[in-house]
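One chain, chain A, links the two complexes that follow: it is found with chain B in the first and with chain C in the second.
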Partner chain A sequence: MRYSIPKIVVIHDDLTETDALLVTLRAEFKDENVVLYKKSKDGLEYVINNISQKTIVILDLNFKAGEPSGVDVFEEIRKRTALMYIIIMTASNLGDIENTDLIKFINNDALAFFYSTADTKAIVGLVKKSIYQMEVRVDSVIEEWIMTKPVEEREKPFIQTQHGDKYSLNDILKGIREQSEIGKEIEKNILKLAIDLLMREKESLND
Partner chain B sequence: MGKISKISVAENSLKWRFDVNTFRLIGRELITDRITAVFELVKNSYDANATNVFVEFKNVSKDNHKGIITIRDDGEGMSLTDIREKWMVVGTASKRTHDTSSPPFNRRYVGEKGIGRFAVDKLGGKVYIKTKKSGEQKLLTVEINWDNYENLAKQKKLTLFTDIENRYYETDDEINNQGTTLEIHNLHDSWSSLDLERLYKELGKIVSPFYPLNPPFNVIISSNEIKKFDNRLVFTDTVKYSSNSGEIGFDLEKKKQEILEFNEKFGKIVKKQVPVKSFGPVKMKLFYFDENAKRNYNAAYRKDRIDGVKIYRDGLITTPFAEFESNPNKQRDIIGIDKRMWANIWDNIGSREIIGVVEITKNNNPCIIDATNRQDFVDTIEYRELKDFILDQIDVFSKLKKYERGKRKGEINTGLIQAKDEVQAFTETIEKIVKKSPGLKPLLAPLKKQAKNINSTLRKGLDEQKRVHEDFVRKENIYLSLMSLQDYATRLSHAVRTSLGKIKRMAEFFKDYYPNLKHERYFKEYAVNIFNEMSTLDRVVDFMLSYAASNIDFEEFNLNQYIEEIFALNRINFNAENIKTIVEINKNFTLVGNKIFIQDIIQNLISNSIKALINTKEKIIKCTGNIEDDNFILIFSDNGCGIKPGDEDKVFDIYYTTTSEQGGAGLGLFIVKMRLEAMKGAIEVMESEFKPGATFKITFPFNKNPT
Partner chain C sequence: MINLLVACDDWDVNLGEYLGDTFYKLCDSCDLFNNNFCTDLIDTESYLKYPIDSKINSYNSSPFLFIALAHGNDDAIFIKDDEIINEANSALFKDSLFYAISCYTAKSLGDVLIKEGCKTYIGYNDAVIISLLHEDIFRDCQTHGIERFINNNLSSYNSFSQMITKYNTEIDNLYPTDAVTAGYLLANREALEIKGDQNCLLVDFII
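== the complex of A and B ==
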């Protein structure tokens, strides 16, 4: 299946466009796929406006007073979707981060943590791994598939449960992003279906 | 033995003469800065019975010596004789025979004797004095060219101050006009909006705003360049100085009189309405001053005392009948406020703690009549009731005072505090008794000594208490606390780690990509950046080490003097760069703090300014200081290249610099901010005084020395 290259959104106020990290990322993943936002508010806005775009966010924790903090940005993104990978890159001591914030980070997957002194190689490696993960995660794939459907169709009822509840593609999309019961249920069922089909050799992997 | 020749000695004498430089010597000693100079000149107008004084600034914002300052009043003016025999005779005041000016003004003189003339020299090089007395036919103009004196002073030939001729001439004028106008040209300095604000604040302190003046005294400041000062009347808010105040009036139609009452439940003063009293309806304003407020008031209004209650009839003051401390025999406190105080010293309020203005009118209060000896009012039932009424209103404040004392007691362990207060009051009472009957002094001296000893013991006990419990009523001289080494470490480690990260990534880039031609442009750039980052890191480490080793001793020093010393230390740099410096800190006070910290701050700001001024033609560095509430505010400006809009916060970042070509490594302001925050102070960029240029506002918080 053809896949789209995800966007790498760097939200960091200590990095400049000529920083070695940015240059390396652009060299690896192409110029147009890497964007830098020095103001957390602008970066968050971009991500929210492109919520369906496969995105890896490289996020700083400390921004200027008056701007949303790294934790704020993290929470706002997670409110809307679990499908974006967020890599935290900070110069602050892990010990200086509030316990309550740390707990928020821990109870999440699709998350990584680096100090600003980390090797560029390590960061780039993690980005590549995240891209791969996004390819194979069922929910990412489903999201991408739903996005190929025209907008009007996504509102129409698509699935009906045994109890008579109807769900549209948009409902499913929301469920997947928010990892709600219905979202997880559908993921599980699709996986089951795929495995069943393979086992019964009704479908084969065409490689 | 030789012939002793008779030497004839002619009897002769020598005279004192004054070199033309004398005027500068006298002037510079007497007047500390420009604001004070204008202040003194306006005081002279007050003493001359002016009702309106216009202080006008024309084209003063640029340093081109083309501005004009005009001080114009409608006071009594001077005749040619006055100028010749008084104004131009150094050393005399007007040989004042009275303490007050002529009626109906009866103003107590506020001007310092003889200073006025030299104040003019502080402002500009040339002055036209235009003056006229009412009844004279001619307007007299005298031209004094201080710059001319200056030029003559520079010459080798001795010129005497007293030999210089000053031109004068007379012109026709309306016979009834009167007043004096000082027109000052060839100004020495430019005046910014901030300077005018400072002047505005000072001019509000010529007379106390509490006791209404009749005839009035209005000062109006105007500038043809600054909108805010388009005929702006100087006005001081009375509320600012007193700790509590109350105002009562009446309703003639409903025949109701307002009175004050103290509400115990809420601890507040409230107004109530009662029927009009026998003496007729009255208006009254009362202002109470606790210790703190008294101190602030006395610091601002050194010649006007808090003087109890005064009664005004139809706008004119009646009693005390033109009294001032100079004549202690005359009755001052006819209402008997202080007499009452003896009854309950700890809570009752004396005439030195309250300002009251009672307004009566002939129509509404016909029973209050002046006595024939003009020392009091006629002793009628109505007058006695009025006195009681006034005392009742004052009592309301006593109740408030008692309530607040009680509240304070409830917050900390009360026993010691009460004892201390009572011993204090006891000592004060003894002093009052001794003042009244000096013969008792030897008898009471041992008592006073005992009381003082008890007082100090109590104070020690209280201090111990404070150490144990949380203290909410701190009365300390300075408020300096130091950031711990740990805080510094946390702050700096973030910056250092960011820096190290950048360097590491750039080195990694080299490692992985060199010599790939595709990235050629980055190799060079990164090499330079790595070098710069390392240099800055080096300085950061130095700073950290210096802080760890620093002597964090506190000492007492005079801030004004110290800042002038720092500027003096930089004199060589200023001269080399041709920088004009203006230092105006017009309050002399002692700060207890860390001198080195302050030196760091000022030195950093100076260095920054020098770098910013590299390309400026007429370079200026200006440092002014003022006390505002419980803070000392320092304004530091230069007319250099300024700060890019949007960068006002960034300039304090550890790596911000636009002056790297001049050796700026961006660390200066970061250090300044850290130092200030260690003192619980602050620094921020404000609208620049000069355009172009940069202005910083630095706040040092403290509690003024309570002695």
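== the complex of A and C ==
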């Protein structure tokens, strides 16, 4: 694969390290890039503590009592970033999932659903699709660019609006992740820049 | 001799320093205090003491150049949150070249000025964002049009075109390392408009 491999975080209480899914994912994407968390709380904590890392989450829907549910984990991740790909894994029929939960998944960009019994090849295909989309999404590319900057540079004021609002690169990063107005504005600007450069022949599509 | 009036909100709490530095830059680059110009400055300290209306009335209906280094909205130019130019006094700008680095004035004020006999208007139809890491580049782009008009004897349209070219040059220099800032330069460039007489020259303002 030409693209860099993100971390694949599997959060599922019934899987073990020797399950076919984990073995297949590790064979395809390398051992060090795949982690399993059996407790949803631990998986969520890992994801939140590594929010700047490119991550694909494979998330079970149902966990034991006392642990955050799959919906809870999904919502907590989405509060912090729109840039993480989340694939929902379930043993239930879609019709058995609460409508309100389905609406949350759909409206907050859950990448895909698959049944626990699905062919692992299909799951690998979904993960590859996620990796590709991470490479081409403008917001992911901006996030990656900002993360190359030293910490102290990211904290300095970067742009100023006429109203005096100042934004650092960290503010912009937060805006990208949370899809705030500043985040969306910058994404739009970058896309328009790409089109402008193509139109003025500063770049070409086969570069 | 050419009458030149500059309104500069150099004490603005957010952008005062930037606007003041822009004025000094123009004084240097266009030699605004040489014998060819009768240059007046209305700044934050003096705008109440020397109202803009009485200053323009002292030109006795002669043509003049006007440069706004101040905040704006669709309908007005402001100093210290007070509207100093709006529809009510727009007729005073008859036979002037009106050059504004302010936000939004091309949306409405520019048309009003032209309707009331302003020769040419150059300004922006959207928010103008400043990069705090590349202030000089943004300032150079914002002032390039009036500098070309004064220094190079270009027509109003050609000066405006040179401004677009300047923006493109800076975008092209910047985007390989900082596409986010280049995106904002592009957004500023796209907001630029020229209205009215596209063929006027500096000599048209000699009294």
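What we mean here is this: the second predicted complex is superposed on the first by the 194 of 207 C-alpha atoms of A that agree within 3 Å, B and C clash if a C-alpha of one lies under 4 Å from a C-alpha of the other, contacts with A are read in each partner's own complex, and residues count from 1 in each chain.
In the analysis below, a residue touches a chain if its C-beta (ideal position, glycine included) is under 8 Å from a C-beta of that chain, and two chains touch if they have at least 3 such contacts.
Predicted, not measured: the structure shown is a model, and the values here were computed from it.
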Chain B and chain C placed together on chain A: clash or fit? fit
Quick check on the superposed pair: does A:20 touch chain B, chain C, both, or neither? Answer first, second, both or neither. first
Using the touch definition from the top, say if A:35 reaches chain B (first), chain C (second), both or neither.
neither
Between chain B (first) and chain C (second), which does A:96 come into contact with in this model arrangement: first, second, both, or neither?
-> first
- Give one of first, second, both or neither to describe whether A:115 is in contact with chain B, with chain C, with both, or with none. first
### Task
Check the residue A:156 against both partner chains and state whether it touches chain B (first), chain C (second), both, or neither.
second
Once the shared chain is lined up, is A:48 touching chain B (first), chain C (second), both, or neither of them? neither
Just checking: does A:82 make contact with chain B only, chain C only, both, or neither of them? Give me first, second, both or neither.
neither
Contact-wise, after the overlay, does A:64 reach chain B, chain C, both or neither (first, second, both, neither)?
first
For chain B relative to chain C post-fit, closest CA-CA distance rounded to the angstrom comes to 44
Shared chain A footprint, chain B vs chain C, residue numbers none
Interface with chain A, chain B side, in the complex: residues 490, 493-495, 497-498, 500-502, 504-506, 508-509, 512, 519, 522, 525-526, 649
The residues of chain A that touch chain B in their complex are 14, 18-21, 23-24, 27, 62, 64, 91-93, 96, 115-121
As the complex stands, chain C meets chain A at residues 13-15, 71, 103, 127-133, 168, 171-172, 175, 179-184, 186-187, 190
In their shared complex, chain C is touched by residues of chain A numbered 142, 145, 156-164, 166, 172, 186, 189-190, 192-193, 196-197, 200, 202
